[in-house]
Amino acid sequence: MVKLVSEKLIRIIAAAELEAQLVELSKRRSVSGYTVVDARGAGASGIQPGLMDIDSNILFLMVVPPEQFDEVMEDLAKIMRRGHHMMVLVSDTEVMRRKNVSVDKPGV
Amino acid sequence: MISNLLIPAVLFFVIGFFAQVIRSDLKFPADLAKALSIYLLLGIGLHGGMELAKADFGSAVDAVVAALALGFLMPLLAYAILRWLGRIDALNSSAIAAHYGSVSAGTFLTALAFLEVQNVEHETYPIIMLAIMESPAIIIGLLLAKFSRGPQVQNDNDAGKNGHSVVGELLRDAFTNGSVILLLGAILVGVLATPASLKKVMPFYDGIFMGVLSLFLLEMGMEAAKRIGEFRKVGIFLVGFGIAMPLIGGTIGLLVGHSMLGFSVGGVTLVAVLAASASYIAVPPAMRLAIPEANPSFYLTLSLGVTFPFNVIFGIPLYYEMAQWLAGQAA
Amino acid sequence: MVKLVSEKLIRIIAAAELEAQLVELSKRRSVSGYTVVDARGAGASGIQPGLMDIDSNILFLMVVPPEQFDEVMEDLAKIMRRGHHMMVLVSDTEVMRRKNVSVDKPGV
Amino acid sequence: MISNLLIPAVLFFVIGFFAQVIRSDLKFPADLAKALSIYLLLGIGLHGGMELAKADFGSAVDAVVAALALGFLMPLLAYAILRWLGRIDALNSSAIAAHYGSVSAGTFLTALAFLEVQNVEHETYPIIMLAIMESPAIIIGLLLAKFSRGPQVQNDNDAGKNGHSVVGELLRDAFTNGSVILLLGAILVGVLATPASLKKVMPFYDGIFMGVLSLFLLEMGMEAAKRIGEFRKVGIFLVGFGIAMPLIGGTIGLLVGHSMLGFSVGGVTLVAVLAASASYIAVPPAMRLAIPEANPSFYLTLSLGVTFPFNVIFGIPLYYEMAQWLAGQAA
Amino acid sequence: MVKLVSEKLIRIIAAAELEAQLVELSKRRSVSGYTVVDARGAGASGIQPGLMDIDSNILFLMVVPPEQFDEVMEDLAKIMRRGHHMMVLVSDTEVMRRKNVSVDKPGV
Amino acid sequence: MISNLLIPAVLFFVIGFFAQVIRSDLKFPADLAKALSIYLLLGIGLHGGMELAKADFGSAVDAVVAALALGFLMPLLAYAILRWLGRIDALNSSAIAAHYGSVSAGTFLTALAFLEVQNVEHETYPIIMLAIMESPAIIIGLLLAKFSRGPQVQNDNDAGKNGHSVVGELLRDAFTNGSVILLLGAILVGVLATPASLKKVMPFYDGIFMGVLSLFLLEMGMEAAKRIGEFRKVGIFLVGFGIAMPLIGGTIGLLVGHSMLGFSVGGVTLVAVLAASASYIAVPPAMRLAIPEANPSFYLTLSLGVTFPFNVIFGIPLYYEMAQWLAGQAA
């Protein structure tokens, strides 16, 4: 059987302009990495058809261990408090990373 | 005069607009749209640079000064109108104002196509002005916001660790914006590169330029029409502002181009377009980062949904008529 | 600490042609917004390599409060009943929106 | 005759097909593929519009009538074959039939390249027919589905609130389809725009057209090969239909082009291609929305995986041979 | 009311080069389908800006019924054991598929 | 000599690099970047094929042999240096070595632009060498990894069911890599297609080629600068290797081109560039699949972040100087 670790999946939907800040946040909090997907959409701050850099959204994913969770969320709240339009979705997830699968053991 | 509008650039814009209005399922690939504007900025920049290389330094300086003046003063004027005529809150006013101090490359290029078709000569300094005018407006927008915000700034500086809200950071953003880099960079290449080597790349950057522009305008037509749905949210005053402001800006631009810079009819028309148009490339991201409290659907709807179409369809021919009239007076 | 609200995350995987109907649905049910990501894939209705408008999928995200959930799902079921190929994934999620973070309070 | 196939358009198609068959990791960027077909529709439309401007009205009308006739009758013929020869269920038959009443722009353009290389003159009315034939087939498809569905229609009308299933809505879709808008729009621009202004955009829409087409066919080759895997699912009868139907359609097209329209060998070949080809742009989305019960892998596999490659490799040269033979008979 | 079925959502973040293997895996295990989204990101194996085929990631989604879950995870672990950089996120999800919504019943 | 660098290709590269360094928000659309490299591979391939059609068979064979020799021997040399000088683990050494046995199309094209601007003639065989050299290096890389891995191979064969790790599978990958297919396919089209038909597509593949290349290099500049952040992780030895290896390879290439192939100054320069450059298209994916234990940030940083910029800015002019010097000696 493969070992799964419980971690927090943080999904951030935001304007593409915020990508640099989110990457910077993940580095400052030394999150192990991040994943970004281009997105479009609409909401209170208007439509984001995703045709130009100025009207595109991103879906920014960070998987963080429980102990890192609070500080990362606090940083995200800080960005929001400055007035930025973002939507942060949090959910529990089971994660399989390379370190979890014993590489030395041959394929079962 | 209507015949002036019968050029592919304008017609494609209308088709894109129309397709969106009738809720066609026409889709424009996101990366194509982004690729086209990169190409157009490089193409116009190279063109400007090659001309600049043979330009007269004195008049170039005049153009730069005029560009800075327009870039710094137009937003203040716009801000005054929004605040005291429109009673729009300070932060949204600042964000919107910045857009009108800056320029719309798409409108500018449409004007170039418009003039070229009628074989109207024009100075090339306006291209340099195009590159310069993006940044000052951003700076004014930031300062306006800073003042209207007051205390909040403190908090901003704390959050400054997040690397983007300190004013210094924002000034940096004003000059490192992608479109500014592309435009200035291409101008530089046009100035530095050997004529022989430039000749090799011109079939791409010059030969197919007008065609690519027409494709770009098809997309801009769709973009513009997509914004119509937000008019109600934006309100009658702001929509009116999106039409009045280019007329005011255009008039100021005409005078600057005619009296201050002494340009020809073509050049004057282009300066008018610079002053009349609102940015949809460099300013929006800067405002989103610097004035997050402002509602993007306000400034994007005005810039893309109102002012851009107005200038492309009515503004350009109008400014051109007025430029001719001014020239007539002078003669 | 930041306040998180429990909501429903509805993910719809469908042919790109259905985007307009899904947007329309979200408006009719006055959902606060939506997010769309381009996707490709394969399933019972064949491969969708995502190279043309006709063979592309979308991943359509809607975050809805519990009280809106049932009516939205009912509308989605209606579309499916007409025979449309869609896959609807539902999960609970914790959401941080701007209204949750007190904007006046300075960054903690 | 094999030498006729040694043109970049066809060879690139084969390479793309081959790359996919040998499971190469060659990837074609999605937005490039979409950009290419937008460009090609605009290019061919502009070309057609400019020719139309100098065309003779009478023969233009004949071409339109012929296009409508083919668009309305071909799907009925296809439907009959599918239902009574193939025992395919009514809804899948309706959806597939609609594709064969419509046309494939890619096949048509390949035929243009094919003729151009051999300096074969051709009338330009087929380009207008290309723009017209997308819609009628969709309408027939919808009506066929409506009848075969019967009661369900009721339910559809309820669901009509969802804004897409009422027949009216679907007719709208038939005419507001993105590719139809692009094609008709570009034709309109070609007719309306001043020749001077069109000249400026032609280096883009005309000069590099054949090259862009060859790149597009590389992608179509990959697309086609991707569908091979679905042949088993689709079944031997339908795959056979995907080869027989273009032969039937081509023959009908030849007669229409030759006897009814009195076109030259080039024009007759193009009409045959219109009748022989199956849509992969306008019809699939319309069918997906209107006949969701039909399995897209059936009509997409037939259109992209069977009929398109067949026409590009075998059909076009064959229809051309037959057109020459017909012309010989007439003389 | 619409019927929802509990299934497992497996999200795999991996280098784009692995797409073919993941598709092949889903077929070998006869999963009903899969969905792919292009992504970029960064992690232990460096930045993946997503500008070229060689530096792009994908987000590969598979929804599998509980009974298929273990074998699919075992296959994924096997790929990881060979040293491939992937991140596998697992979560429970409620799914509405066409077979769940009675197509014959008219829209409620 | 510095003036040699003042060509758009190089200047755009510098601008892209600069934009990234100053943390500009300039974004390059992913699909545009991918589209440009597809276009460039096809363009250069067509060009090579058309030349090959008129080439002399004998010398073509010599070029192929030389390409194979370089492709098989360079990685072994690189491996030796990495293992015994750098004490880099076997798997990372294998992966990195493979990159240096292969070639960088972008560097090669920049060299072409460089020569063209100075009207330096060159043989066209190097283009065929470009197509050939991707694969052998991959094979050597795999063999090196296989030996250093030993037992693990067993496990690999089990996992072989996953269809990608058996050595056979990997050899297949070495030859079915997308870029290899595009390059060989385009060469084939250039050889097979009728001159008349090729003439129609050349405005696209040849006319705008140099311009498209300059746009591509803007993106490569950004790519390169993005990698700088990883230098610390990669370590001083490897960064040094990324500069030393092209110098070694370039020198070997010069001798091969001059003595073994007897090429002109232009041809010798191109062979030097082939030997000096490191792949960033065909080899990385092959290594990622075949040697997953190796860290991609090592070989990608070296290839894109160190060797590519070094060759574009310093290498090409240097190899050209040396080629001239060699020619001088010969005379």
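Letters A, B, C, D, E and F mark the chains as written, and numbering starts fresh at 1 in each.
Note that in this section a residue touches a chain if its C-beta (ideal position, glycine included) is under 8 Å from a C-beta of that chain, and two chains touch if they have at least 3 such contacts.
Since the structure is predicted, the reported quantities are computational estimates derived from the model, not experimental observations.
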Steps needed, at minimum, to go from subunit C to subunit F via contacts: 2
Furthest chain, CA centroid comparison against subunit C: F
Chain pair with the higher count of C-beta pairs in contact (B-D, A-F): B-D
Most distant chain from subunit A by Cα centroid: D
Gap in Å, rounded to a whole number, between the CA centres of subunit C and subunit A: 18
Where subunit A and subunit B are represented by their mean Cα positions, the distance between them in whole Å: 34
Multi-partner residues of subunit F (at least 2 other chains): 23, 25, 27-32, 34-35, 155, 159, 178, 207-208, 285
Residue numbers of subunit A (touch at least two other chains): 17, 20, 37-38, 40, 50, 53, 78, 81, 83, 85, 91, 106-107
Touching pairs among all chains present in the structure: A-B, A-C, A-E, A-F, B-C, B-D, B-F, C-D, C-E, D-E, D-F, E-F
Parts of subunit A lying in touch with subunit C, wherever the complex brings them together: 13, 37-44, 50, 57, 59, 70, 73-74, 76-78, 80-81, 83, 85-91
Subunit A - residues contacting subunit B, complex: 15, 17-18, 20-21, 24-25, 28, 38, 40, 45-47, 49-56, 75, 78-79, 81-85
Sites on subunit C touched by subunit A in the complex: 1-2, 4, 9, 23, 32-38, 61, 63, 91-98, 101-103, 105-108
Subunit D contact footprint on subunit E (complex, rising order): 16-17, 20, 53, 106-107
Residues of subunit F that touch subunit A when the two form their complex: 23, 25, 27, 154-155, 158-159
